[in-house]
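Order of writing sets the labels: A, B, C and D. Residues in every chain begin at 1.
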Amino acid sequence: MLSFIGRSVVQKIITLFFVSVVSFLIIHIAPGEPSQVDPMNPKFTPEVVERFREEFHLDKPLHVQYIYFYQNLFTGKTVSWKDNQSVLQKIWERFLNSLPLFIVGTVLTWTLSFPVGIRSAIYRGRLYDRSATFLSYLLISIPGFFFAYVLIIFVVTHFHVPVIGMETFGTGNTSTVFVVMDRTWHLLLPSVLGATGGIAVLSRYVRSQMLEVGGQDYIRTARAKGLPQEQVHYKHALRNALLPFITMFGLILPGLIGGSVIIESIFSWPGMGRMAYEAILARDYPVILTVNFVSAVLVLAGTFISDILYIIADPRIRL
Amino acid sequence: MKDNRLISVQDLKVYFRSNATTARAVDGVTFEVDREETVCLVGESGCGKTVTALSILGLVPVPPGDIAGGRILFKGQGLLDLDDNNMQSIRGNHIAMVFQEPLTSLNPVFTIGDQISEAISIHKNIDTGTQRERCVQLLRDVGIAAPEQRLNDYPHQLSGGQRQRVMIAMALACDPELIIADEPTTALDVTVQDQILRLFKYIQKTRAMSILYITHDLGVVTHIADRVYVMYSGVIAEQGFTSQIFNHAKHPYTRGLLASLPSRSKRGKRLYSIPGSVPDPAHKPEGCPFHPRCPHAIPSCWSEYPQMCDYGEGHLARCPVLFEKTKKTIDDK
Amino acid sequence: MKNSAQKEFKEDFQLEEPLAPKKTRFQEFWLIFRQNRLAIIGFFIFVLFFLSAIVGLVLTSGQDPLFDPARIRLQEKLLPPLAKPNLDSLAPEDVPAIGFYLMGTDDLGRDVFARMLQGAWVSLTVGFVAVGISVLIGIFLGGIAGYFGQHYMRINHIVLASLFIFGVGLIAVQSPHLGAACLVLGFLLICYQALTKRKPRKKSMPSWTRFLFKNAISVDTLIMRVVDIMLCFPSFFLILTVVALLPASIYNIMIVIGLTSWMGTTRFVRAEFLSLREQDFVAAVRALGVSNYRIIFRHMMPNAIAPVLVSATIGIATAILTEAGLSFLGFGVPPPHATWGNILSDGKRFIFDAPWLTFIPGIVILIVVLSFNLFGEGLRDVMNPKLRERH
Amino acid sequence: METRHTPQNIILKVEDLKKYFPIRRGFFQNIRGWIKAVDGVSFEIERGKTLGLVGESGCGKTTVAWLILKLLKMDEGRIIFRDTEISELSEKEMKPYRQEMQMVFQDPYGSLNPRMTVGQSIEEGLSILGIKSRKKRKEHLKKLLEMVGMSTNSSDRYPHEFSGGQRQRIGIARALSVEPSLVICDEPISALDVSIQAQIINLLKDLQDQLELSYLFISHDLNVIGYLCTTISVMYKGLIVESASAEALFSHPYHPYTISLLSAIPDPESSVKKEVKLPARDFSDTLIPPDGCNYQGRCPMDEPRCGQEDLIFTEVEKDHFVRCWKVPKNNV
């Protein structure tokens, strides 16, 4: 077990190194330079550009730049080119904003898709299963931004509540109840939207896993023992069907960044995804690279956690 | 005699329906198992023997399965009419089953102790301590060394033979009257198969229970069976005591099977082989299901479904053609 | 008795016939496929979409297209679907070809129907080209990892490859001396290898060179690590970054989507190949002495490709969604050219005044993507060997 | 029956074949032990005769087959086909010998490419044989199909349209398409229906007579082995523990494992019911076997000495070899 952990950590660190190199190369080899972002801006005289290049080591060869950048990153000195703020500080703030969205979305996904999927599997081929199947295809296929607008129109016209942003502007003096309600309304739509795709995909997956396990011989054994149906489904089948989801559980971590760009920009939610989007627009390389690096760390940490969980959960794996 | 009957299956029909076809997996099977008797159901893959066993326990998946007709009487009680709850109290408690693949038939994520005591706890009202003792005793009975330690093992930690012993222990957990063993040794090596067969006989003797043993291996049958039912394509082709079947087979199929077995004594001689293939349950031939492969087939075999012919002393075969022939030879004599 | 039976058997000895009546592959596919009603609907929409994209391309391009998606009629702006143009105020060449605006007009008075037709072609090509790229890469790398996976890269291979990559890389980033040195070193290494290869055995070599010929990493591990690295990038974010940095063009989008989505296929093909390698029929043809090339392309690929096709169908749906998302965010295809994503994006400002600008492209994307998904699921059933096997 | 072994008469000779699979553990994936799948197997097959290799599942029978066909790389040993040592040949040099040795597989469903018609599968072999003309190939194909008892119109069908026994026939036709002289049959009938097995056995026997084939027949079923084979080698955990002519092995086996195998055969002809004993002890398998005899722990005649000595394959009678130190003493 210890040697597995050791091997896996070393492997992940090597992977991380290559990720950092590749992302650095992608950004820097692509045509265009940040110093040319706004050539029309009168403030950017050639001297300023030159000073700018010098300050951010842009005049050095690439490998030197690489070392400078990651040195700064690990010592926490990296600053955004746009506003000279500490990148880590910025990411942390945005991360805190994204967190409630992420948590509500994840909880919704995982609590809804399992009952739906299991029920679909048990009532396979019946009306419930068929409508759930069609609905999940519908949800997988609907473009998120379109669905967002449909929902916005629906909520705004029927409930007359504003939903854009994190809270309604100028609600500072009103009662706590109102603020909480207001916050909840703002949180609800984007997190529901973020969860729909996940629910659809996951419930399909739960269903097929349950069906797969349901055809196994040990389920027949359990029934031959005289176990009641519920116990067969929820003890013998579910326990085995759940195993693959442990691997998926580790993979929700990176969803913190990647999945939310469109939704956060529609709802003007000041989260990580929106920050990344703005950074890309502004060619703010340090922010882009750091976000990328953080998300790679999250991916690797996620797979690491799920590997460990899987080993703990499945008695067949011996190390 | 009547009181001695444990289970009787009468004209059981199980069909599997799909959109296009209906596969008549079991097509009118009748057989009995008496108390303290070992009965073998012999047949090739696809002849419906497993489906027959599963339908006794009500484990045929519906749909696509469909119990199209017949009765199953267990101690006089019709099993097919029971609701789920009553059926559950019979499964494992009065009738237990041992399956073919011991590895896949045990749940990989529970310890064997859990799985055995689960069977006890459903049917018997015993506290956990006693359950544990009973598990240990059961494992010891089926010949597993150091049962106390094995209790906390997972199935993958055991060898194939040990797993099958665990399956048997699980079946024995509630002292059932009938054990249905569905090809329990097919996946095992010859030496292990021998041990398991001995174990079955030992159990039957010491516990006074009945065994319905399902196999395709005629060699196994001679080892274990008191009476034999030969199945072909969803029907019973021949039935009788073991010595009757093996020494005086009356159905062309049984005869063909016996003649086609390779053995050292037949070296150098050409083996008899039954021509053709086993019929697909979805496209069975008309009349006698064996007629396309039968050397004795006469035109009426093409169209008429053959009746069981009684040779006396419990020996029956579903072949009127051979029955006529034997009668003639007896008359001639 | 036994003898007579044997004689009878020998007399009517007959050749074995196949069990099932003859059916072509297509008939078999169709028999299974038609059981899935949703898949059939998906398939017809799929065909319809395909046709309309091609027809749309013909009708909306050229010097004087029948439907001009770029024609601006400011006086006709934000008309609802099926609205008749005001013939008095409109120049005759501005009147739409079918006499009315089937899907209304947008804020510049452009015919939404014409724009949707033009966008269909964009969606179609993006979907097919991007998935084509990713499937090709995926099959190639997955096939190598699955078939030649046990082969080892020796240290000299790796040294060589990295020398050349660094050499070219360093020259590209303006340090030509170091780069040239790397290249020269690599060239020397090749010469050295060629020399040593001619010698019969490696025994004569000094011990430090033997280190060069040690096995370092298996091909399989190498490819799978590359997949791991690629999976570390959040895909939409990566696509967004690259598309933003590159000049806006539809081809860049296709290539970028393709280059960032091959990992699933690779893993899949690798797993298929690994399991196929273990199958007896592959062992049988290896025993016959069939060449590796033929084993891969004639025996393994046809068996591995079916599930890849299924995931490709669903991949097209995802690519269309991704492209629409990019267009929506304002990246990608440059403005005068219409795509479904940017029609929706332009329309979002008028969501209450002209909801059709949001709903028409939204629903069309939904239907097309849905049809691809349903069709893919249907294909999965058809390709499932369990459903076709008789036993 | 017994002819003196002359070198010309021997078609395949295997000497001290070894294949170990490493067990890797720990941080650096160091090799912590070896699974000795095949641990020094030697035998020879005479032209036109059948050697039976019998043993329980996992004893390394199939690995031996794959090693001989060079589908797996061996670690040590020599394979001599006719007069040529083929163990060191490169893939290119191996080509002419590949055609000489073919294999019939256990699983009739997995051994045919499901996406190729029967004709295509068999013709592949024919084109390797060098038959270029299309017409000739079709003729050959027809002949081959008839030889294995299949009708000619099955050539444009896909494997799933056939039953298990029919597929096995097709598999045999494919193996014969390159006109081999040695066919390795790896449990060719154990996956088939009982009523079909005899068909395939008869077919294999007919083909042997017609084409003068030699067989290496791998099986776990002593009934079949006893019926088909001239010589029998009993394999246990990677080693051949006893080897003799079929008559000798069945009438007076020496090795305790062979004895237990023979007594365990469910033989319908001996309808004597076996006596009921207490359930026999069951055996746990260890991954890494101890020193000395590999049958330790299961052997009824276990003694401390079994764990100390390395055993030699001793000739206890003419052409009867046993790997057990007790046997010569009993026999003297």
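Just so we're on the same page, a contact is a pair of C-beta atoms (placed from the backbone, for glycine too) under 8 Å apart; a residue touches a chain by one contact, two chains touch by 3 or more.
Bear in mind that the values here come from a model prediction, so they are computed numbers and not experimental data.
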{"item": "Both-way neighbours, i.e. chains that touch chain C and touch chain B", "value": "A, D"}
{"item": "Chain pair showing more contacts of the two, C-D and A-B", "value": "C-D"}
{"item": "Most centrally placed chain, judged by C-alpha centres", "value": "C"}
{"item": "Distance between chain centroids, defined by C-alpha means - chain C, chain D (Å)", "value": "45"}
{"item": "Computed distance of Cα centres, chain D from chain A, in Å", "value": "55"}
{"item": "Centre distance in Å when chain A and chain C are each reduced to the mean of their C-alpha atoms", "value": "24"}
{"item": "Per-residue overlap in chain B, given as positions that touch at least 2 other chains", "value": "46, 256, 270, 272-273, 275, 277"}
{"item": "Of all residues in chain C, the ones touching two or more other chains", "value": "16, 19, 390-391"}
{"item": "In chain A, residues with contacts to at least two other chains", "value": "none"}
{"item": "Partner chain A, residues of chain B touching it in the complex", "value": "54, 57, 59, 84-85, 88-93, 96-97, 99, 101, 104-110, 118-119, 122-123, 154, 156, 167, 170"}
{"item": "List of chain D residues in touch with chain C within their complex", "value": "66, 69, 71, 94-95, 98-99, 101-103, 105-107, 109-116, 121, 124-125, 128, 145-146, 149-154, 157-158, 160-166, 169, 171, 174-175, 177-178"}
{"item": "List of chain A residues in touch with chain C within their complex", "value": "11, 14-16, 18-19, 22-23, 26-27, 29-32, 61-63, 134, 137-138, 140-147, 149-150, 152-153, 254, 257-259, 261-262, 265, 273, 276-277, 280-281, 283, 288, 291-292, 295-296, 299-300"}
{"item": "Chain C to chain A touching residues, read off their complex", "value": "38, 170, 172-175, 225, 228-229, 231-238, 240-242, 244-247, 317, 321, 324-325, 328-329, 344-345, 348, 351-352, 355, 358-359, 361-363, 365-366, 369-370, 372-374, 377"}
{"item": "Residues of chain D touching chain B in the complex", "value": "56-57, 163, 165-166, 193-199, 201-202, 205, 220-224, 226-228, 246, 250, 260-261, 263-271, 273-274, 276-285"}
